[in-house]
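Structure in structure tokens, see below.
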Amino acid sequence: MEKITVTLISGRTSRQGVGLEVGKTSEEYFESVSYIELSAGDAESLGVGDGDHVKVETAHGSVVVSVKLSDKLEPGTSFFPYGIWANQVFGSETGGTGMPQFKGVEAEVTPSGAGVPSLADLVATLKGGS
Amino acid sequence: MSFMLNGVGIEDTFAEGFGMWGARIIITAKNRKWANIAAREMTGFATSVIACDCEAGIEREVPPEETPDGRPGVSVMVFGFSKKRLSASMLSRIGQCVLTCPTTAIFNGILEEEADDMLDVGASLRFFGDGYQVKMRMGDGWGERQRFWRIPVMEGEFLAEAKFGAVRAVAGGNFLVMGESEDATLEASERAVEAIREVPGVIAPFPGGICRSGSKVGSTYAFLKASTNTPFCPSIKHTSPDSQVPAGCNSVLEVILNGLDEPSVMKAMASGIKAATEVEGVKWVTAVNFGGKLGKFRMGLKDALGVK
Amino acid sequence: MGDLRIKGGYVYDPLNGVDGDAMDVLISGGKVVENVGRDAKVIDAKGKLVMAGGVDVHSHIAGSKINIGRLMRPEDHRKDVVPRTRVTRAGVGYSCPSTFVAGYRYAQMGYTAVMEAAMPPLGARHVHEELNDTPIIDKTAFTLFGNNHFTLKYVKEGDLEKLKAFISWLLRATRGYAVKIVNPGGVENWKWGKNVGGLDDLVYNYEVSPRQIVTSLAQANEELGLPHTIHLHCNNLGVPGNYETTIDTMEAVKGIKPADGRKATVHVAHCQFNSLDGDNWMNVKSGASKVAKYVNANEHVTIDLGQVIFTDTTTMTGDGPWQFRLWNITGNKWVNSDVEMEAGAGVVPYTFRKDNPANAIQWGIGLELALLIEDPWRVYMTTDHPNGGPFTYYPTVIAWLMSRQARTDIMREMNKSVLRRTTLPNIYREYTFGEIATVTRAATAKALGLKDKGHLGIGADGDVSVYHLDPTAWRPSMYRDLEKSLARAAYTVKGGEIVVKDGEVTATPLGSTFWVDSKVPEKLEAEMMKEVEADFDKYYTVGFRNYPVEDAYLPTGIRVEARGRWAR
Amino acid sequence: MAVFTDVVCPFCGCLCDDLEITVKGNEIKGAKNACAISRSKFMSHRENRIMTPTVKGKEASLEEAVEAAAKALASAKRPLVYGLSSTECGAIARCVELAEITGGVVDNTSSVCHGPTILALQQVGESKASLGEVKNRADLVAFWGSNPPAAHIRHFARYSVTPKGLYVPEGRKGRYVVNVDVRETPTSRVADQFIKVDHGGDFELLLALRAAVRGTEITEDVSGVPAEEINALAKRMKEAKMGIVFFGLGLTQSDGRHMNIDAAVGLVAELNHHTKFVLTPMRGHYNVAGANTVTTWQSGYPYAVDFARGYPRYNPGEYSAVDMLAKGEPDAAIIVASDPAATFPADAAKHLARIPTITLEQKVTPTTMLSEVVIPVATAGIEVEGTAYRMDGFSLRLSKVVEPHGGVKSDREVLDMIVERVKALKEDA
Amino acid sequence: MKELMLTPKKLPDLPLEAEAITPDSVAGKTLKEVKSLPVYVGNTVQKLGDYFDVKGETAETPSDQLVAIQGECGNVKYIGAGMTAGRLIVEGCVGMHAGAEMEGGELSITGSASNWAGAEMKGGLLRIQGDAGHQLGAAYRGSPEGMTGGVIVVGGDVGLEAGAFMRRGMLIIQGDADSFLGVHMNGGEIFVFGNVARRLGAEAKGNGGFIACFGGVESILPTYVYDTTFRPDFLKLYLRQLRDQLGVEAAGEYLDASFRRYRGDIAVGGTAEILIAEP
């Protein structure tokens, strides 16, 4: 299959916590947040494995990240650690509450040959205003 | 003294009316049949407060386009000697005769701005809902403010407006139709009642709108408050010392009217008398009064008929 | 700061026997003095009412409880917003004013000292942080003791000495000023979802009664010679028929020998809420005359009113079970907050209405207490802000006390048969200015042991309020003028500095925070500390050494020494 | 070698206060009792630090940077002050004052974490307790949409699962632990019972539980949870001696937002008719509770506060940072102790690059990378003292164990300078 | 009725707060005074005349005043907020808080409205021909009462939490309604002719309040119980009012419809009703 639809949930991990305290420009941080977790079943449907790159796309945007297999997730659910990578695909609509929806967002995942953007790449996009 | 209308002699006298509190209820139902059944039940045994708890009658049928819920309706009016008694009568009659009747709903027929007071009938009626009644509100902050109660019943829901307008009304409007035969007198009276139906705000609470047994106050028997109206009974014309039945008249029927106000009652009396005089065989029309002892309203037949 | 001469006002200073004499009040170096220099600034107070700055004996202005109130009530703030000025900070008012606004508004009414009446020890740091953001007024905070694990433990063990040591330590650790007791035992039971029903119910696990808690704390309080008596929120608050509990509680501490210099051994807070007669909210009636009768006959009791105001307000107490009950009565939003090992709290918005029979009776009770208790030195004016209503209504309460017409006018809007369940319609007493000065300043300062406050004698703090009101020309029919002038002082002087002029705040110094330093023998303290520390490590989630409030939180702290037998 | 004991950890809302920090010279050599993240914070606090202020990418003196910041803020019509949650309360108070004197908006990170919790509290209230109440009494502990091992690593051990308490002397054995989540997590592995709820189905499940607690038997599955499981859990909750629900962003950030919390509050309140029950939000940043607390006592409102009219106004969704940035409102922003460029949806974050953004930060972040003015600051809780409020609302004193790295000033000191300059500029205007 | 016409000139990029645009604040004033009414942009105070051409006449009293705005005001907040009488017509869209806390009169918007339109409305008529944003007619944060009276008629769709904490009055939505419609409602009536998303009536207490759905419902909360299918007489009254007095033609089609009746929210012991028209 070329494409699957998953429900994205973002959240903290202890690795992400450790990484951000080292510094957001650090390799530890990059490693801790520039991936999504997929269930084995979903990864298999996509034909991707640990470390392969996928494009995650929602109604709000898209980003390329690497894949990490999870034996805990059920097919159809994907976990995305908090960070600037995840925030490429979440929308800013808050429903009049101030809170965007960071969990339970529909996303399409496709295998990607592109590289995972660096922190600087993503900041550059923000600056470009595109 | 008297005057003539359509060849019929009309006595220059007055009907003596007295004050009562009146209310109007619009009963609606799935169709005319059930609206009428409810209305008839509700206005039964309500001819005269001599022995009934109130006086009530059907005012008219109300077409769907005029009712609040767009269903066929009947307008009934209820009269009582006090607000309290009127309220009690409405409550028991609505409770026993309308609430019980399939598909009905009731609405107030007298707007708050026209009413002298509002009777909170719903305040008591709602308790029938045993706590499951629901207050329905309309027109808060926009439009006309209204309150209803929705009372669950086995069939579905009984919808009742919460408050009903009550006015200081006039009871005891009347006229007597005297004819040469029973048939002529009855027909004339029926015509009179039909004409009266066209006048808004008035009911004739007696059977078919007609009363054959007019009564006078008191009796030779001490235990009776009222007895047959001896001066107008043709059959004892010559044995009763104070008979007022003119010559040639062999039957007398009385049309008794209650209305929301004096002009309506007088208008109804005029319409009724005019209609009655158009019947062949009617000889004489008069009205009953008690020399002002009964009530404050003196509704002269001349005034009513617009005769100078 | 230069000298100040407040010239020619009608001065009411009951502690010094001054009752409306036209005279000068002189201030230098922040204190009332005999002479000031020729270049002293002059405030022309001629034809005006002059009193010491107001001293509020019981209010909720700082800490987690009021801040929960603020947090949960944006709808309350929206109707009373306060823009910033060149001198003052922005904020919000009404029932849960922001810290700055609370300071300004007290000062605008001529109040210069306010007691925060309930400080959970674990929340003490928070209380002091807020007090440091509450400008102008002086403050104290009363530390909660009545449901503290160590209190219950020492009461159970009958170890009064260690209880005293504990009180001394905890007051110091929290920088508290008095021993506050809220629904003794009931709050601990509430941590299991229960309460106590009376003075002789038992507290789960500790098997002690509210009676034992109150009497032990009162005994310890007096033996330590703390400046204020125990400050007590009785059991069964808000329960019809509770006046009996209230009188029983007062009676329970009757035999205790008061500390030197006073006759009282207990202060019953917001007594209105605890003077209900009847069996339920349907037949509730006033028990005020019975409570007043007891107070009149017993010198060991002082009370404050907790007067009800007909308005929307926010109730907040350390009495968790009562707030739960109130939530069930009202269905309004409810916050409960239990504090490990020591206390709890609840917050529920509430609207007092004239047409609510219970509220009308409560309103009557507060005034009955004020008017039936003969000695103004033992009954103090409060609304238990914001429980009975916001403190900004104090001028209105004073008007009710001083003018029978003011009472009659508002009673006309209430149900007469309901009011007959109080004795208020038949009370004719009207307070004098001297009595008002007593119940709002002199007596409260005295009861609190704040020696330099509440009066204008030589050496007193230079805290003065001057009002646009000529007391010689005033009549009770002019109560509306009274309200207006008391609401906006002509001048409020704090420590010799003019902080309010014509009702506007002109300067915002940070007032002082008074705390009590009480001593017990070192050996006793060490023994107690050993036990406390052991339990602390096991049952608290905060380290023992991180528990006491650091000096950094008392930038304007003033230490007040207790005068017990171990005092230095 | 100096050992600081009883040190409070400035990372998450647990505010563990039993750390032992070993310092040699001005360097941290050890962090005993610290969790992995805490250790990283203490041990790596000197790594990747910004050493010099920059203005438009060029190195500048502190005074020049403050001047540039003050000018941008003083001349702005709609300045935004954002962040606040990872610094001490003194700095937070200055942020509120800065918003006030500039007629701007002050918002903190709670708007994107537990802001919905506050909205719910404002609707229906909250029954809560300090963490020690849980340790001492709770025999039923539920983690709902929260996963402490990821972000509150010592929570289980210190407060909620394993500690022995006054009335739970047996510790872990004395508690029944329930986990409700849309996925299995380390928490589910610890729990006695894991209830998997459908995505976006928490609200329905909470309502159904409340109805069951009220005595209505649930007859159909709700959000993928079998009816009998719901009825059984309701019964178990009612029969607990004391219960607690720790809820996290699984409720606040998913569909339903504040209404999920509203329903959780309702369930817990209902349970108080039967036993003792409380709930507590798992707050992330160590002083986000302080940001709410200080902002509330100063302005009356906890976050999303607008001072444009000179007095505070409050409306999350209108004055909250994500919404304002997404609409392109702010014409200047100052970010204190937070990284919105990384934590906000890109669509909102990019506005920060269009306006003068001033950032006070220790390390390089996406936000500093797009800021016009960057001012390095000392780390509160390591290099600076101050107050912080724990997730349950109680405050502790943060420690200073080393001198600020490179002699930088604290947030509070820098903000004091900015406030002073803005006041002066406003006076001149 | 005297008519005053406001035509937007170049509006600022920042939202303009213009609670001055009500019949109440212009009635009895000269045009010059009207132009000087304060409006707010960010932290600055400006004049109404800076952003609007003002023409026409002012009336003595608000009830005789018609104010007509010709042009897009999508970034103008508080239009008609707190108005008590008269008419205010906007030919275009409006920003947040339009008609919030209004007490009387009529506010008519031909375009769409942003969030909080008609919030805590007390009386009067608010018509929005386009869509409305979130929190239509809702309670402001913390307030226990949303709409306490008046009528809101929306031609298009509405966002989240419409009618939250409603106590009295009517909310009529001719398009679709998003989640949490009538959440916490405790009285009042809501009619939706389009589709209703899930969680309608959540935590509603009742007090006579109901939500009538004519165009289908995504799902009903598990804490609502199905009672019966019936033809409620009472609904006929509302539907006739909608059709005859408010011009909601679609209402006429359901006069004799049967409705599925659900009652809840039993999670809060509520007795509110959800009535769903049978197709």
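A, B, C, D and E are the chain letters, set down in written order, and residue numbers restart from 1 in every chain.
Keep this in mind: a contact is a pair of C-beta atoms (placed from the backbone, for glycine too) under 8 Å apart; a residue touches a chain by one contact, two chains touch by 3 or more.
Just so we're clear, the structure is a prediction, and the values are computed from it rather than from any experiment.
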Any chain touching chain B and chain D at once appears in the list E
Which chains, if any, touch chain B and chain E both?
none
Comparing the two chain pairs, does A-E have more C-beta contacts than A-D, or is it the other way round?
A-D
Chain whose Cα centroid lies at the greatest distance from that of chain D:
B
Could you tell me which chain's Cα centre is nearest to the average position of every protein Cα atom shown?
E
Using Cα averages as centroids, what's the distance between chain B and chain C in whole Å?
70
Using Cα averages as centroids, what's the distance between chain A and chain E in whole Å?
40
When the centre of a chain is set as the mean of its C-alpha atoms, what distance in Å lies between chain C and chain D?
34
Touching two or more other chains in chain A are residues 95-96
What are the residue numbers in chain D that touch two or more other chains?
119, 122-123, 255, 307, 309, 314, 316-318
Multi-chain touching residues of chain B, meaning two or more other chains, are none
Chains touching one another, given as label pairs in label order:
A-D, A-E, B-E, C-D, C-E, D-E
Please name which positions on chain D make contact with chain C in the complex.
5-6, 8, 17-18, 89, 93, 97, 100-101, 118, 121-133, 135-137, 158-159, 164-167, 241-242, 269, 272, 274-276, 278, 292-294, 296-302, 307, 309-314, 385, 387, 389, 393-397
Which residues, counting only chain A, touch chain D once they are in their complex?
7, 9-14, 17-19, 21-26, 60-61, 72-74, 77, 79, 82-84, 87-88, 90-104, 119-120, 122-123, 125-127, 129
Chain A residues within the chain E interface of the complex
95-96
Write out the stretch or stretches of chain E touching chain C in their complex.
139-144
Chain E-facing residues of chain C, complex
72-76, 78, 332-333, 349
